[in-house]
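Heads up, the next two complexes both have chain A, just with different partners, chain B and then chain C.
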Partner chain A sequence: MDLFGDYTLRLVALGSAVLGATSGALGSFAYLRRQSLLGDAVSHAALPGIVLAFMLTGSKLPLVLMVGAGLAGWIGTLAVQLVVRRSRVPYDSALGIVLAVFFGIGLVLLTHIQKLPNAAQAGLESFLFGQAASLLRRDVVTMMVLGACAVLILVLVWKEFKLLSFDPDFASSLGLPVRRLDGLLTALLVVAIIIGLQTVGVVLMSAMIVAPAAAARQWSRRLAPMVMIAVAIGVFSGITGSILSSSIPRLPTGPTIVLVLSSIVAVSLFLAPRRGLLWRLLNISALRAAPDLDPVLMHLYALSHQHPDDPEHGHPVAVLRTMSPPDVNVESALEGLADRGLAQQTSDGGWAPTPIGRREALRIHEREAGEEA
Partner chain B sequence: MSAELQIVLIAVVTAVASSLPGTYLVLRRTALVSDAISHAILPGIVLAFFLTHDLNSPLLLVAAAVTGVLTVVLIEALLRSRLVPEDASIGLVFPALFSIGVILISRYAGDVHLDTDSVLLGELALAPFDQLVVNGVLLGPRALWTMGAILLLNLVVISLAWKELKLATVDPGLAALLGFSPVAMHYTLMALVSVTAVGAFDAVGSILVVALMIAPPATAYLLVDRFAPMLWVGAATAAVSALLGYALAYALDVSIAGSMAAVCGLAFAAALLLAPRRGLVAQARRRSSQRLEFGVRMLLVHLLHHQETDREAEECKVPSLHRHLKWGEARTRQVVREAEGRELVARTGELLRATADGRRLADVAVVGESHSQDPVSQIPDSGFQNPDQPPGI
Partner chain C sequence: MDEHERWALEVEDLTVAYADQPVLWDIDLNVPPGVKMAIIGPNGAGKSTLVKAAMGLVNPVAGEVRIFGRGRESAEGQIAYVPQRATLSWDFPTDVIDVVTMGTYGKVGWIRRCGAAEKRQAEAALEQVAMAEFARRPIAELSGGQQQRVLLARALVQDAPIYMLDEPFQGVDAPTERAIIAVLDELAETGKTIIVVHHDLQTIPEYFDYVLLLNVRAIDSGPVSEVFTEENLRLTFGGRVGVLAAAGAGKL
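Our next item is the complex of A and B:
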């Protein structure tokens, strides 16, 4: 299979890449604002909108269906907000209710139009599970235009969105219209979701929102790089998933993309520098293995008092070893002290504290005396 | 038993069986675990099917329940790593497992009756065709037996571990302190949710499982304040929603699962609007009566402020009152009518004067409840008749 020869594959890969990019960018914000599962609710809530849009217009143009999906998804988010603000039902229950109830209404409508004599509705079910292979040129063009608009707005309102995500109280104290910004960001998320429905379907869309962001978060602690990494991961998974599913028979595109994404997340969780699990494991064992330098420094300091006129007089390692508990690796502790400039080896092979080391030891001594007092 | 009656029975039993563990999920703020489990059990079912080649094998239920608990373990493990927040860990685990299930089905099981549609959407209308036959005796639809057994299991576990589950749900810290392991309770509950989701997905599809587990308990949460009533009200709501949902589906000839979910949503919306005390209507009513009460008190303060001063004739006349209070005319009329109705003010011609009751209420409004215990009549100059005050309030 080559990406540049096969028209269908090229189209699917392009569509998936657009989807990966927009959901990566907007998903990062959803992820940071603890709204990862909003994607799940919105994608399910979009179903009645799709069917209603078709029922009202009789058209299966992607833009018409996407507008329907977007409106229904947006109403879903409003319903969640209403429930959370005006009742004691918690956020997650509100999401679950909107998800299931809207989807149920969508099913009712879908089964209703399926009973109608004309067969024009065929293909609407592909939104349930996604059917990337059914993507047409006009679908991909619509996806690209909508995605580009969403990302453009994101870039234009970047600073405000950043503030909103990290410190909404500060944002409102600056006089920013927090409620309206929140609505705008949610609306952009809805756009990112409806772009993907036809490709990966209702159920798997939530993974497209969460996974690139979760993986990217492992690799960066700053917002802009995180968003860019998430976009890159989304694009990479979209293209890789499309190629895999077209080269292996009976491998559906949506689930393949999600599995590629999930593998990237797993790798990131384990291997990412600093935050990764493996890194953490190594760090902890390194900390465990590292000798405690302070006691050895204190012994050196105590020994240096034996020679008040020559504090830099060398003391044999053997003496230090007898002063320390048997399990302490005195040599490596001395190396560590030398690395920090706190101790030095004298010409006769002994060890002595440097002036800085003596000052440090005095400081430790005073601190411990203070703690005991 | 007619097919319709069988379907209705299955629906009601499933609804009640789902709403019971759902009550705990709603209170523990882990409602979406039901969504995760009901999707993530797919690969377990598929793998068990590959082993048994029998869609009716009980092993499928066992495998699915194990997968459900495994899903929860995975979510918890992600959460404990403290690398991802809770909602994201749910959103990462179940799509991955669901994808594995879908891929397994489409690659290796393309020719059997096991497709994603039936898992997700369910088809209750087909349930009566699958009858349980033991030794040649027809025992009724298999789904009814399965869900009945699950309902019984839920009831038994909930009544046996009643106070432990309740305590671990309401106050996990205290539960741990008293020596009940909240973790054990958590996994007991998750096992119940898994088993219920597995049994129900076959009958009604995973989306309806989510609807039945979350919406009826949340409806009950709006209506009652105690734990046990919430459980029963939730179960009753679920049962009624299932019945009405079936009737609706029958009348319109549409998806049974879909219309049941829709009716669950309607029930929740009705409770959200109309619940006594907590409903949106009750809230609005309370707000408007508070607004009216505030208006009456401000009117009284205004009247007493100008009563027996030079400007009384101008400030306390009904037609010009709204200008001085800076209110709309409609609101002013409403407030005056309310105050007259409660005999807090008396009208002579166009002039409005506060009565003794009104004077007392105004004093409460300005000085506060605690001071007003002294009868106002003993303090004739309670600050309202000071002619030095500038006019205009």
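Our next item is the complex of A and C:
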């Protein structure tokens, strides 16, 4: 079978790749700002916008429907903010409320227009789960233009967006317009979402936002590589999903793309170096071997009470060893305490707590006393 | 000289409320330039909120904040801020030098990337907090004390006349505490004003020369030798302070 000779498949694969790239890039920021669920609320909130745009204009041009989707999604984010600011409803519940209300309105409108006597509305219901096969050349061009604009803005405002995501208070203290930056980044996320609605649909679109970022985070230690890996994962899943669904009968494209993505996430969570589950399992044994410093410090502190006039008096390691359980490596614990400035070796080879060490020991003592009380 | 320029930070009739509950009530405070000031008070006294109000991060219900005699709005770049370490997400994918370089973003301006000059500033600041060899370390792999030093280095590259630190000694190791104090002492010697939210009453006389006792209201403020008294501590902390007051204030 000649996979790339097929015009429809080429178009679908290109559209899915564009969608994977933009949602990978913008999704990374949503993920790092713990706003992944905002993507879910926005995509569900887009549904009434799509239907209303069609009802008002009678057009199914992608740009018209995307503008409707974008406006509704944007109003959805404002509604979330309004609920959080004006009531005592927490952020996650506000997201749930907005998602349900907007999606419900969307479904009512969709059912309503399907009962209308003309056939022009046919196909709007495919926005629920997406219908990649319906992508036309003009749709893909629209997606590419919107995606390119979103990514270009992201690159230009990169360092401000990075700081906004890491430490918004500090960004504000530098005089950056944090509110407006936040609005811009959210608007770009809305753009990334509406790009994917025709292919993946409002229900599964949030997976395109969360999954590439979640997988990419496992493999990267800095922001630029993370975003690039997320883009690569998004593009790969888009193309692979398109090919799979075109070569296997009755396999829908959008859900297939999401399944490919999910497998990548699963593998990443398990295998990634440093952050993966496997790595952590292997390293727990190493962690266990590190000595616990607190008990040895407390022993030193107790010993220093024997010489109230000379708190710097040294105490031999042997004494400390008899005070500790046999499996404790007292020498390495003492080295650890010395590294932290809590204990020091005296001229006679013994050990004594430093003034800071004594204060720390007192703090531990008070904390433990407080826990028992 | 303008009358107001006598103060680095001036707070007048400041009231801040969260959900109708006053967190700060009618605060008046004048901080002379060049002091090392500690803000102390029990949990929920509004210490962090006062710092945030001075930074313009929370909107007061009433009152005014002036920095060197000028309104908050025109004071950009006057205050270098070290937020509470625990409020940040240390799992963010970035490294130490990148976080420190963030201190230059205000001066670098829009769209421009940070260049060699900014990198040198960041490296010098890391040197100052003895973290130079950690420049390329991901921040997720730092200890609490190292995280705190990175945040201090980020504030240092701002080179602002006022430094505000929110609980910089919370959960850090002893060498870090000493390193931070050494840096703050250096800053104070060059005429910077230092304002620190602090918890450990015992170290107040050793570390600071000025103090604000806060418990929703401003109980008292002034030189440590005058206002850091058992009487004031009791007013601020209630009865619970007996032991600590004997240990800290008693030494004076």
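Descriptive notes on the structure:
Criterion: the second predicted complex is superposed on the first by the 281 of 373 C-alpha atoms of A that agree within 3 Å, B and C clash if a C-alpha of one lies under 4 Å from a C-alpha of the other, contacts with A are read in each partner's own complex, and residues count from 1 in each chain.
Basically, a contact is a pair of C-beta atoms (placed from the backbone, for glycine too) under 8 Å apart; a residue touches a chain by one contact, two chains touch by 3 or more.
Predicted model only: the values in this text are computed from it and were never measured.
In the superposition on chain A, A:Ile356 contacts chain C only, with no contact to chain B. Of the two partner chains, neither chain B nor chain C is touched by A:Met323. Shared-chain residue A:Glu160: touches chain C; no touch with chain B. When the shared chain is aligned, chain B and chain C each come close enough to touch A:Arg88. Of the two partner chains, neither chain B nor chain C is touched by A:Val64. When both complexes are overlaid on chain A, the residue A:Met226 reaches chain C alone and has no touch with chain B. In the superposition on chain A, no contact is made by A:Met298 with either chain B or chain C. Applying the stated contact rule after C-alpha superposition, one finds that A:Ser173 touches chain C and leaves chain B untouched.
Residues common to the contacts of chain A with chain B and with chain C across the two structures: 34, 88, 217.
Contact residues of chain C toward chain A in the complex are 19, 52, 55-57, 76-77, 79-81, 83, 87-89, 92-95, 98-99, 102-103, 105-106, 108, 110-111, 113-114, 138, 140, 154, 158, 173-175, 177-178, 202. Interface of chain B with chain A (complex): residues 25-26, 29-32, 34-35, 39, 78, 81, 83-85, 87-88, 90-92, 95-96, 98-100, 102-103, 106-107, 110, 116-117, 120-121, 207-208, 210-211, 213-215, 217-218, 221-222, 249, 252-255, 257-262, 264-265, 268, 272, 278, 280, 283. The part of chain A that touches chain C in the complex is made up of residues 32, 34, 88, 156-157, 159-160, 162-163, 165-167, 169-176, 217, 220-223, 225-226, 340-342, 354, 356-357, 359-360.
Partner chain B is touched in their complex by these residues of chain A: 31, 34-37, 39-40, 44, 82-83, 86-97, 99-112, 115, 125, 128-129, 203-204, 206-207, 209-211, 213-214, 217-218, 250-252, 254-256, 258-259, 262, 265, 269, 275, 277.
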